[in-house]
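So that we are looking at the same thing, I have put the structure below in structure tokens.
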Amino acid sequence: MTETDAQTPVLSVRDLVVDFPLRRGNFRALHGVSFDIAPGEVLGVVGESGAGKSMTGAAVIGLLTPPGRITSGEVYLQGQRIDQLPEAEMVKLRGKRIGMVMQDPLTSLNPLFTVGQQLIETIRQHLPLSEAEARARAVSLLEEAGIPRAAERIDSYPHQFSGGMRQRVVIALAIAADPELVIADEPTSALDVSVQAQVIKVLKKLCESRGAAIMLITHDMGVIAQIADRILVMNAGRIVESGPVGQVIRHPREPYTIKLIDSIPTLNRESEAPVPAEAATPESAQDAYVRVENLTRDFSLGGGGSFFGRLFGGKDKIFRAVNDVSFSIRRGETYGLVGESGSGKSTCAKMIAGLIPPSSGRIFVDGADVWSAEGAASRRRNVQMIFQDPYASLNPRWRVGSIVAEPIKALKLTSNRSEIEDRVADLLRKVRLDPVAMRKYPHEFSGGQRQRIAIARALSTQPAFIVCDEPTSALDVSVQAQVLDLMSGLQEEYGLTYLLISHNLAVIRQMANDVGVMRQGVLEESGPVDEIFDHPKAEYTRMLLDAVPDLDKVA
Amino acid sequence: MLAFILRRLLQSLIVMLAVAFIAFLMFRFVGDPVEGMMGVDARLADREALRDRLGLNDPFYMQFWTFVKNAARGEFGISYRLQQPVTQLILSRLPATIELAVVSASLALIVGVTLGVFTAIHGRLPPSSRETLTALAAIILPALALWFLGRGLLWSFGAAALIFVSTAFWAKSFFSQAVMAVSLVGVSLPTFLIGIGLIFVFAVELKLLPSFGRGQTVELWKGWSTGFLTKSGLLSLILPAVTLSLFQMTLIMRLVRAEMQEVLRSDYIRFARARGLPESTINFRHALKNTMVPVITITGLQLGSIIAFAIITETVFNWPGVGSLFVNSVQAVDVPVMAAYLLFVALVFVVINLIVDLLYYLVDPRLRVDGRSGRA
Amino acid sequence: MKIQRFAGLAALLASTLMASSAMAETLRWARASDALTLDPHSQNQGVTHNFAHHIYETLVDRAVDGSLTPRLATEWYVKEDDPNVWVFKLRHDVKFHDGADFTAEDVVFSLDRARSENSNMRQLHSAIASVAAVDDHTVEVTMTGPSPLYPNNLTNTFVMDKGWSEAHSLQSVQDYAAGEDNYAVRNANGTGPYILESREVDVRSVLKRNEAHWAETKPQVTEIIYLPIAENATRIAALLSGEVDLVQDVPVQDIERLKNTAGLKVETGPENRIIYFGYRMDDKPLKSSNVADKNPIADPRVREAMHLAIDREAIKRVVMRGNSLPAGVAMPPFVHGWTPELDAFPAPDPERAKALLAEAGYPDGFSVTLDTPNNRYVNDEAISQAVVGMLGRIGIKVTLASRPVAQHSPLITGDNTDFYLLGWGVPTFDSAYIFNDLIHSRNGHFGAYNPSGYADPALDAKIEGLATEIDVEKRDADIAEIWAQVQRDRVLLPIHNQLLAYAMKDNLTLAVHPENQPLMTMVTYGQ
Amino acid sequence: MTEAPPPEAPVEAAAPARGFWARFWDSDVFWSYRHNPVAVVSSLVALTLILAAVFAPWIAPHDPFNPATLQLMDGFTPPGEAAMSGTVYRFGTDDQGRDLLSTILYGSRVSLFVGFAATLFSMTLGVSLGLFAGYRGGLADTIIMRVADVQLSFPAILIALLIFGVAQGVIPPNKQESMAIWVLILAIGLANWAQFARTVRGAAMVERQKDYVSAARIMGVPGPAIAFKHVLPNVLGPVLVIATISLALAIIEEATLSYLGVGVPPTQPSLGTLIRIGQRFLFSGEWWILFFPALMLILLALSVNLLGDWLRDALNPKLRQ
């Protein structure tokens, strides 16, 4: 042990090896990981999926999912070895000395108990307090965590809080018994950017005030840059590089770290702006390949909508998801649509792709109204869509070949089997996959590969226009970069027009010519990407841009 | 909330009407009631006359309309077989069925939920072969010993059963796996066979429990006679209640186990662990309550069907409830009783459904607050 | 429901009070089904009558040998100057359970009630023109014509108290088709040896001995608990486990076991009921046969072949476990007109049967569906099944259709069967009862259970004449002639007479009643 | 991404696509089968019983369905003893002199046929309605699911009794016997569709939200085609589980219906009919008439149920490791 400091590290991990004995043999999730966390320190653990960063956190707190187990190595908490403690002892440690914040605030809280009940039971589990004292403590914890009117809201159920607020509750729960260490596993990944920043601040503030160290596990370099003191880069169950945040981010030494940092898109334009298509003269909307006019979409919230509801005079509650949105996209260009969850951007995409009919307003692709009877046919040929989740967008029971060929068959472009096969092979090659892939099933591929298969399927009808709904948000950054590259390449090669939906401003900046910012169904502002990003007019746009954690902000 | 209940009531009404219609449709075909009513000496002309008086020669829709009209007033006419007002007949049989159903339902619920929770918690790991072998040896050897000592098969089985139950304390995962397997026997045997088997063992061979009927009953209030207050009444209840509950018990147990395992894998349980809550709090406070949400619907429907399910049990044990009344009526083509019975079952269904919905409101705060209809 | 509460208390009291008394004997009597009603004129059904006989009484009773014996009537005769009038002399000093005196008025009231519109007994009294009381203990029944056998029809017609009935407006029998309720359905006031204590339909009824009954010897059973248990297995289990003392409907297969059980015994004896097969024998093609253009059974040779195919002894031995009397005529030996000659049956001869079939033009047989009830007679379905096999052996391919009796009977009364099993009890102990419904061609008043299509006007006339024939010898000759023709034409295919079995604790004695209507007054205790 | 998924299949290209059998042998489901002795044993038992039933005409020593060959006088022969005719019947004979071994083989043939056909029927009906309700939603969904709810609260036996009763009235009497088995199938099938419908509808509602369905809709694939080609294959897992269990259930229901007196003709008995006949002899000492058919029924239902149990766990992705 390196005890140069007078202080004992809060957490000290030595040569930690975690194995998963699976049926196809042993899977080693961690290959001898060693690190220390000093008291009050914020350690950022970063890595792509499968790097073993969550596994490290779970191993420390003793909550590995079976059949995972610590095969060798040691874990010390304040110098006390804890990896071999019996379960009964571990229970006393959890919550009391090591707190934990999990990724998804929507599922971390038990929906059937009030926030107060959950806080009080945790507090009383660890501290010798009466019910009333525990309640008082719970209220002050919530207040500290930034929940307004905490004394009233303590008796609310989790579902009565928004996502960000719930994560604050989770943080309050994690620090309820003043632990020495808080393990935060992707605490902000499920949140919108604007909320993300606030939650990070709360986490940091609460831990600072108690002198608790934080082990912050995330895939998002930006978050780490924002609050971490030191950084630990992990890949494939090993630590690649560690050091103070500023140093590692500005001067990464290992090739993996360099590649990782390089592939992160930033808000600042480094490369050329996407070149507008050949005839890129900024004409009037007449020229636009895609034209969206006054698009509006209402959803009924039920209750009054059904036959019985009407019978009893229940009022139909209407929720306007998209409100009078208009924009246009020129041929061969990319239009980016940004916004937070619930802003209506995906609903827009679905209306344009022909999945849900608009309540009012019209959509023209290549001059034809896609929701008219004649327009529908041309829409099917010309418009395709790429989805967010590459796991859900491919039918798991179909072979890749059939998946890619489905549009060809559906539109009856050809029914000759060998011709279809040739075309599928060709498409797979275009997205840089071996044509052998067509005999396999989707689960045999990684996320990035699946997204490429989805792109191949979208291309199979040779469409002119592709709606991309968060095409990369489920992917690791390095894979994201590859997929974005592929998309740009294909755009150039075939003169494709894209509508790119994303919550990630950096991705939009990198890919789009024009951008629209949506908020609560309304298009706040729209225009060329550089103009909007550099000189935002709308307050909301500015707030969004400010909230983005940026590597450049590293202290 | 009010609108919701109103809506449910309307739906219930439709359900009742549909059941009435189906029941009615069926009764036209089950046989000729006149046959049972007239006796063998009756002349053909008299049969025809009776058919006329019963309205059996009226057009179908007329008969249905008359039926619905009377049913709405609680009038189901006079039983063809027993010549008493059907409503009165059913009411006099109701206590027996309700007591049996309530006891079996409680039995199924208590044992089912307990075993379901137990197997969910302890069944996560398959038992080690050592545990299995020890447990099996502990069960089989004493049983064999007793048998060789000439104490008879029943003693051996009794001992084996006792030791098997005791494995719940010292070989938990063996017990839960074994319970899962044994419980399947409960759904692999027709109810009537179980009933006859129990009678054979406990009434005929051991002479421990009564083989039929309700024993001595005491009238509580307005014709509600109960068997709960006498020893013979309670003893008589045991065999039918066990027989009737076995099937539902198995279903509930398996349902609870599956749901509980699902819940135990959820994030909030993981987070509860991370908060340092002890295992017992997690299992019985957090997991169990969440398990109950989906279990309530299915269980509600299942328990509702116990009353109708009782027809076989009541037949086997000669239990004087509405179920055996129904079976006797089917054999005698006693249409008014059959119709009333079916409507009664539908009514039970409707009521149980309403209760289930209200329970949902109680258990799941997500429904309480936004007051919107439908289950999440 | 008051009765019930009262009964509960009373039963409790009774059981504590009488536990010490050696005289008090409670009999728990189980059988398959309950009396349908307590109203004595509402249903003409055996189980109902059997129960009613304990509470109510009839004018005349039938002895085990079939002869008529006095009950409420001490003597009866045809009025000397008018062959259409029957005179009944009534018993003196008889009281109803409520204390009212039994008089001729009660008989007049009861007979009128029994033949009223809604009574199911009225068929038996259809020949009555009027009933009148001559004095307190004499009643004259005027018939529409000579009715020599009329007293036979009285064995199940019970006498109610006029005063009590009028007090509860029971003048007419319940018209339940019209939705009427009736006091007499659930309450009873008779002159019989037992008084109703409590009753839950289908569950249990309690009867107490009537200490004021007119009979000189009091029955030994002081209390009857009547327990209908529908399931055979449960009923037998209840006896085996000691929960009941007497089981009336014992399945034949359990007789041996019960006999061999310590503490139990079984009494067996013949029932006045013939089990037979019937078939359509007119010229219309059978509905269920592969022979589509004619009716094979119309050929007498085919019918003979069918008779020769049946092995009655095998059915007796295996299906009935020895508990039947194989029969050659569709008439129980109790019935007037029975002779051993008629009842003789040929030994089974499948070879001859096959030859006959071939002769009739069916060397490969033919196919037909046999309709059988499965819950009415002793092992009815198994008998049919055995017959399917026997007919199969001579080439007649029989499909068996098995139904509960409620669905089976309509097939017969509705002419919807080609071949069927049926049992026929003869409460009047007279052949005419068989001829009227089974042999006479079908019309509004006769042949209700004759779907055979067999129609001979001469025979029909002869049958109708039996009802009014006063000359006993002439009548007997007619009966013999009719039977001769029926046997020659093989209108029915008789199998056997059922034996009844009663199982009981071995300190009881109760003889089997030929109509399966045992009276608990006959039960004796001790070895 | 709370934790690392197990390593994904080798990336990029060239791993050759494997053959069906290789993939089957290596599949998770079959692996779990190979490692579950209960599943192996119960499937072997079930398979043996099913094969024995299917090949009954070649295995059985007698043909119990041909009444002409029966020796009534051989009735009630105990197992292993010589009958009147001198024949020794291994499992004894019943009240009609039928060899019990042959009879239960033929009987399970009837039971299995009814079970399989009824399950197939309720599966087809339930899956179609469930798919329709789940994919279509709206009023159709409400109605179908409401009916399913009602149906679930009435025990299957009661419903089957009703259907049987109606069929009795609709079919002319002389056709009833030949139709009996089909009516039985219809009755049991109609009584059990709701489970399928509920499950499929639930699964279909989840699946139809998935993007691959959206993708197909964008291409203009018609609704029914999406439901059957896309959604159906993905909900087949739970359907298979329910099918197994409802097969066992159907066999038992058939037995119970027989007990209540409706069912196949006694000359061509199913296991249930045999049990109904056999239970009459429970107290009279002829235990074998009840025992062997009951044993067969329990073995059959239990092994099928155990298989379903295993399948439920094996197909549950959340339980997979």
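As written, the chains take the letters A, B, C and D, and residue 1 is the first residue of each chain.
The working rule: a contact is a pair of C-beta atoms (placed from the backbone, for glycine too) under 8 Å apart; a residue touches a chain by one contact, two chains touch by 3 or more.
Model, not experiment: these values are computed from the prediction.
K.L.:
By the contact definition above, name the pair with the higher C-beta contact count: B-D or B-C.
P.N.:
B-C
K.L.:
Roughly how far is chain B from chain D, going centre to centre by Cα mean, in whole Å?
P.N.:
Here chain B and chain D have centroids separated by 23 Å.
K.L.:
In angstrom, rounded to a whole number, how far apart do the mean CA points of chain B and chain C lie?
P.N.:
From the centre of chain B to the centre of chain C is 39 Å.
K.L.:
Measure off the straight-line distance from the CA centroid of chain A to the CA centroid of chain D, and report it in whole Å.
P.N.:
Between these chains, centre-to-centre, one finds 45 Å.
K.L.:
Find every residue in chain D that makes contact with two or more other chains and list them.
P.N.:
2, 168, 279, 282-283
K.L.:
Counting only residues that touch at least two other chains, what does the list for chain A look like?
P.N.:
66, 102, 104
K.L.:
Please list all residues of chain B that touch 2 or more other chains.
P.N.:
Only 11, 30-31, 196, 200, 204, 267, 327 qualify.
K.L.:
Okay, what are all the chain pairs that touch?
P.N.:
Every touching chain pair, ordered by label, is A-B, A-D, B-C, B-D, C-D.
K.L.:
Within the complex, which stretch of chain B touches chain D?
P.N.:
Touch residues, chain B against chain D: 11, 15, 18-19, 22-23, 25-31, 180-181, 184-185, 187-193, 196, 200, 204, 258, 261-262, 265, 267, 301, 304-305, 308-309, 311-312, 327, 330, 345-346, 348-349, 352-353.
K.L.:
Please give the residue numbers of chain C that touch chain D in the complex, ascending.
P.N.:
Interface residues on the chain C side: 232-233, 236-237, 240, 251, 253-254, 256-257, 287-288, 311, 314-315, 317-319, 369, 371, 374-375, 381-382, 385-386, 388-390, 392-393, 398-404, 407, 411, 416-418.
K.L.:
Show me the residue ranges of chain B that touch chain C in the complex, using the header's touch definition.
P.N.:
On the chain B side, the touching residues are 30-32, 35-47, 50, 53-54, 75, 77-85, 89, 92, 196, 199-200, 203-204, 207, 210-214, 216-219, 222-223, 225, 315-318, 320, 324-325, 327-328, 331-333.
K.L.:
Where on chain A does chain B make contact in their complex?
P.N.:
61, 63, 66, 91-96, 99-100, 102, 104, 107-114, 121-122, 125-126, 157, 159-160, 170, 173-174, 176-177, 301-303, 308-309, 311-312, 314
K.L.:
Write out the stretch or stretches of chain B touching chain A in their complex.
P.N.:
On the chain B side, the touching residues are 3, 6-7, 10-11, 124-125, 266-268, 270-279, 281, 285-286, 289-290, 293, 363-366, 369, 372-374.
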